[in-house]
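There are structures below to look over.
Both complexes below contain chain A, partnered by chain B and then by chain C.
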Partner chain A sequence: MFRGSVYSGVEDDLKSLFNIVVSRGYRVIGPKLVDSVIRLERLHDFNEIPYGYEDKQAPGYYRVVNNGGRFRHGPDSPKRFLYPPELLLFIIRPNLSIEYPRFEFAKTALFGIKPCDLAAINVMDGVQGELGDEYYQKVRENLLLIVENCVEPGGTCFCATMGTGPFAFKGFDIAYTRIGNGAVIFQPGSDLGVDILSELGLRPAEDEQVDRLRSLMMEASKKARAEFTLENLPETLEMGLDSEVYRKIAEKCLGCANCNMVCPTCFCFDVLDEPELDGSAKRVRIWDGCHSYSYAQVAGGHFRKSLYARYRHWVLHKFVYWLRQFGTFGCVGCGRCITWCPAGIDLRQVVRDVVREVETRCRR
Partner chain B sequence: MQEIVRTRMAPGRAEIVKIIPETPDTKTFYFKVHEGLVEAPKPGQFTEIYVPGVGEAPVSICGLEGNGILVQTVRSVGALTDYLFKMHEGDLIGIRGPYGKGWPTEKLTGRDVLIVAGGIGLAPLRGIILEVEKNRGKYGKLTILYGARTPSLLLYRYEFDRYREIPNTEFLLTVDHPDETWRDHVGVVTELIPMAKINVEKTIALVCGPEIMMRFTVKALEQIGFKENQIYLSLERRMKCGIGLCGHCQVGPYFVCRHGPVFPYWLIKKYFWVDEI
Partner chain C sequence: MSRDGGKVKLAVFKFSSCSGCQDRLIDLGENLLSLTEKVEVAYFLEASSRTDPGPYDVALIEGSISTPHDVELVKEIRKNSRIVITIGTCAVYGGIQALRNWMNYQEVVKQVYPRPEWINSLEKSTPVSDHIKVDYQVSGCPVNELQLFNILKQVLTGRRPYHRLESLCQECKRRGNACVMVSRGIPCLGPIMVEGCGALCPSYGRGCYGCFGPMIDPKPDALAMRLEEIGLPKEEVIIRLRGFTSWSDPIRRFLERYERE
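Showing the complex of A and B:
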């Protein structure tokens, strides 16, 4: 068995894979139906994975139905585990002595995450590699990444535009694709992946299976697209700093920062003091979002008081600034910000509209 | 197995050794820093000051005395600074830093130095004035143009005579609203620029003040021939973490805490004129 090659199995092999991973001492985190939402949760049994359920996603719309279809990704992303919503940084005593917290870093398998989320981990690696968050590094070192390729992208997906999916090409330990009729194609992406998959007794994939995989990939890629391309995108967006599109969006946007919270790469945080009765204080890191009113507020002033400016900052950070800061786009095209926007604002349309406005202006 | 996770955001200890009231809402604190500094502070950098149970705030460095005493001028405008104003000499605070890029002292060698400051904007520039005083031979002419809304809002008034005594120094003051004792100029700080004797080609301009004041200053400086690489600006943003992690202080692609707070004008020109960028 070799890295990068394709092997053929059946859906029961997924269950065996799950059990092998558990027997190797991994804590498994994967998709699980919780309160009508597919979350990423600790799994104890393969059957907890809601195969056969479909998540219907559209701007501001999410429903899970039991119709024998396929599900994509819910509001959770791997960020929740690598960069928790709330993390104790230290406890500081009244005499200002510091007590650092202890954490358990267990070997953890992310089972069945989607290529966009794999790409998001890659993006976060770029951010945290640059910025060096110790907690992140320790969780990251212990991750086993098992990716399910997307045969049917959802209604808000645009990974093919961002070049992050719907199939994974690198950075995973194991990738698998359910190609239909109970057949599954497995690809080891690391030595560890080879080692684990070799326990399954898979056969090299038949030529027609490889062809089927290819055509599924092509079909899926066509679906997961936005109406813009990456060509000259940062430059074009920067020419549209004053675009009217942002002001129009601000009339709809609630400034709730839901998009920041569900985004698999948004990394901004705030640090709060939680005072204790003995005069100590816990310093706690929590997620923050650039859409929230207080984000760019300073004592005695406000640098982004207008909602349009906060929305614009978010778009520019994802598609312009991130490249200069960390060498990748900050967006992986997962579409969570679209699905979970209570106002149903579609980022794909926003970017498309700004690009069109700039292009129209240039043609004049 | 459990592992200890350390963050770079834990403060060290400092003691308040002296407090000088500056203006109705500003005080200068002298901190004896016991631990928490990651390098020797430079003018224009900042630290994060912490009070347990209250929080943290970024404050610019205004000077460094002997014996590791850090001078920092604070305006009371938020929870942390309000609390700090109630503290006394001998009290302990948390401190970490210094962070960011300070004024380009290495580029000032052999050049004339023009300081344009508005209000509390003089605070991060005080260190440059003291540096020129200390190593007078290293720099050319020092010009200080300083304005505030009223005379009572001028910082470091008790030091002004000392600034004037620095050889080869021109020190011009202005206020928007004078009182009966005011003898200097009345008007905005940019009006002082044509009044000063500035050898443009030899000069590096260091500017700090409210954003609107900096915009007018850049325009006025360009008008008399300053090039983009001769102007440095110190920006204010919400530098929560100080180390380029938390995202709050971004101006365009730059983290003000890491790539600034002092920027050469050419670097941020594209964003500097865009409102609420």
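Showing the complex of A and C:
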């Protein structure tokens, strides 16, 4: 068995894979149906994965139906585990000594995450790399990444535009694709992946299966697109700083920061101190986001007082500044900010409209 | 922070309200005991009939101002207290009883009381901060006891109290809830309301009804537009927004416009 090659199996092999991973001592986290939403949860049994359910996603809309279809991803992304919403940083004692919490970093397998979320982990690696968050790095070192390629992208997906999906090419331990009729194509992406998959006794995929895989990938890529391309995108967006589009969006936007919360790469945080009566204090880091009013508030002023400036900053960070800071786009095209926006704002349209406005202006 | 290095003198006062917020103090349980190591409860009628005439270091005020007598009393409290903290949505925003502010006062009194001539109250139920300078405000119906405890700890340790004023959505998502509006079509006021309750209602599958009041820089226009879009009739939108904090500045200003449109 070789890295990068494709092997043929059946759906029962997925169950065996799950059990092998468990028997190797991994805590498994994967998709699970909870209160009518597919969440990323600790799984104890392969059958907890809601295969056969479909998630219908549109701007501001999410419903799960049991129709034999496929699901994509819910509101949770790997960020929840790598960069938890609330984290105790340290406790400072009355004598000013500092106590750091001790965390257990269990070997964890992310089972069946989608290529966009894999890409998001790669993007977060760029942010939390050597000088980044220690907690993140510790969780990351212990991650086994098993990715399910996306044969049917959802209504808010645009990974193909962002070049992050719908199929994964690198950065995973194991990728698999359910190509229909119970057949599954497996692909090891690391030595560990080879080692684990070799236990399944798979045979190399047949030519017609590889052809089928290719055509599924082509079809899926056509679906997961926004109406803009990456070509000159940062430059174009920067020329559209004063675009009316942002002002119009700010009339719909609630400034609630749901988009920041569900974004698999948004990493902004607030730090809170909780003093105790004995003179000690806890310092806690919590998720925050650039849509928060207080986020850009500093001593003596505020750099993004109006909501349109905050919304615009978010867009520009994802598509312009991130490249300069970390060398990748900050957006992976998962579409969570679109689905989970309570106002139903569609980021794809916003970017498209700004690009169009700039292009029209340039033609004049 | 006490005057003489001894215990901090704490007083708890109540105006037009249900006592639910001061009861949250009692519900602190063990935390309340730890508090009494630093604090002398000098005036707290709900908990003790022993009263100390003051002056007080910290006064917690529950309830809205709704009678001429309230106005005099709350001014007395201010004079007699170093730090005044209003607790609960009545004290901070005027409360549910501020619904009468939107109606004809005489009509309301006639409807409620058999002998309206005996009633001596103000036409409007107003927040404490309309009458005196308030140092800190902790909203909620009732207040979240842990948030209140946290504020008290900050005051007692000499810090300037801070709690986040961002949308409930953030707290809701940090808790791990999926948005009830997006996943179930349940109308929710979370996107314009302040965090602090622990996202109680959405955690149990219902929409936020805004009992903690508006967040910082809220967008009621955008939310009302969206609620109508997902099928909530305008009258329902108004009822929801009126509910608890209709007399808070941003909601009130919005409603005055929206109801006329």
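Convention: the second predicted complex is superposed on the first by the 360 of 364 C-alpha atoms of A that agree within 3 Å, B and C clash if a C-alpha of one lies under 4 Å from a C-alpha of the other, contacts with A are read in each partner's own complex, and residues count from 1 in each chain.
The rule is simple: a residue touches a chain if its C-beta (ideal position, glycine included) is under 8 Å from a C-beta of that chain, and two chains touch if they have at least 3 such contacts.
Small disclaimer: the values here were computed from a predicted structure and weren't measured.
Enquirer: Identify the partner contact of A:22: answer first if only chain B is touched, second if only chain C is, both if each is, neither if none is.
Expert: Once the two structures are laid over each other on A, A:22 reaches no partner at all.
Enquirer: Let me test your reading of the model: by the given contact rule, A:283 touches which partner, first (chain B), second (chain C), both or neither?
Expert: first
Enquirer: With both complexes superposed on chain A, which partner does A:344 reach: first (chain B), second (chain C), both or neither?
Expert: Touch status of A:344: second partner only.
Enquirer: Is A:194 touching anything from chain B or chain C once the two structures are fitted on A? First, second, both or neither.
Expert: Touch partners of A:194: none, neither chain B nor chain C.
Enquirer: Between chain B (first) and chain C (second), which does A:62 come into contact with in this model arrangement: first, second, both, or neither?
Expert: Second partner only.
Enquirer: In the overlay, answer first, second, both or neither for which of chain B and chain C A:299 touches.
Expert: first
Enquirer: Now for A:135: first (chain B), second (chain C), both, or neither, which partner does it touch?
Expert: Only chain B is touched by A:135; chain C is not.
Enquirer: For A:98, select first, second, both or neither according to whether it touches chain B, chain C, the two together, or no partner.
Expert: Once the two structures are laid over each other on A, A:98 reaches chain B alone.
Enquirer: Taking the superposition on A as described, I'd like to know which of chain B and chain C A:325 touches: first, second, both or neither.
Expert: After superposition on chain A, A:325 lies in contact with chain B alone.
Enquirer: Share the list of chain A residues that count as touching for chain B in one structure and for chain C in the other.
Expert: Touching chain B and chain C on chain A: residues 270, 272-273, 275, 279, 288.
Enquirer: Quick one: in the complex, what on chain A touches chain C?
Expert: 35-37, 39, 60-63, 74-76, 80, 85-86, 251-258, 260-262, 270, 272-277, 279, 286-289, 292-294, 307, 339-344
Enquirer: Under the stated contact criterion, what part of chain A meets chain B in this complex?
Expert: So the residues of chain A in touch with chain B come to 89-90, 92-96, 98, 100-105, 131, 133-135, 138, 238, 241-242, 267-273, 275, 279-281, 283, 288, 290, 295-301, 303-306, 309, 312-313, 316-317, 320-321, 324-325.
Enquirer: Residue numbers of chain B touching chain A in their complex, please.
Expert: 1-7, 9-13, 50, 52-57, 75, 77-81, 92-94, 236-238, 240-241, 243-248, 250, 252-253, 255, 270, 274-277
Enquirer: Per the contact definition, I'd like the list of chain C residues that touch chain A in the complex.
Expert: Residues of chain C touching chain A: 34-35, 37-38, 150, 153-154, 156-157, 159, 162, 164-167, 169-170, 173-176, 178-179, 181-184, 188, 190-192, 205, 215-219, 221-223, 225-226, 229-230.
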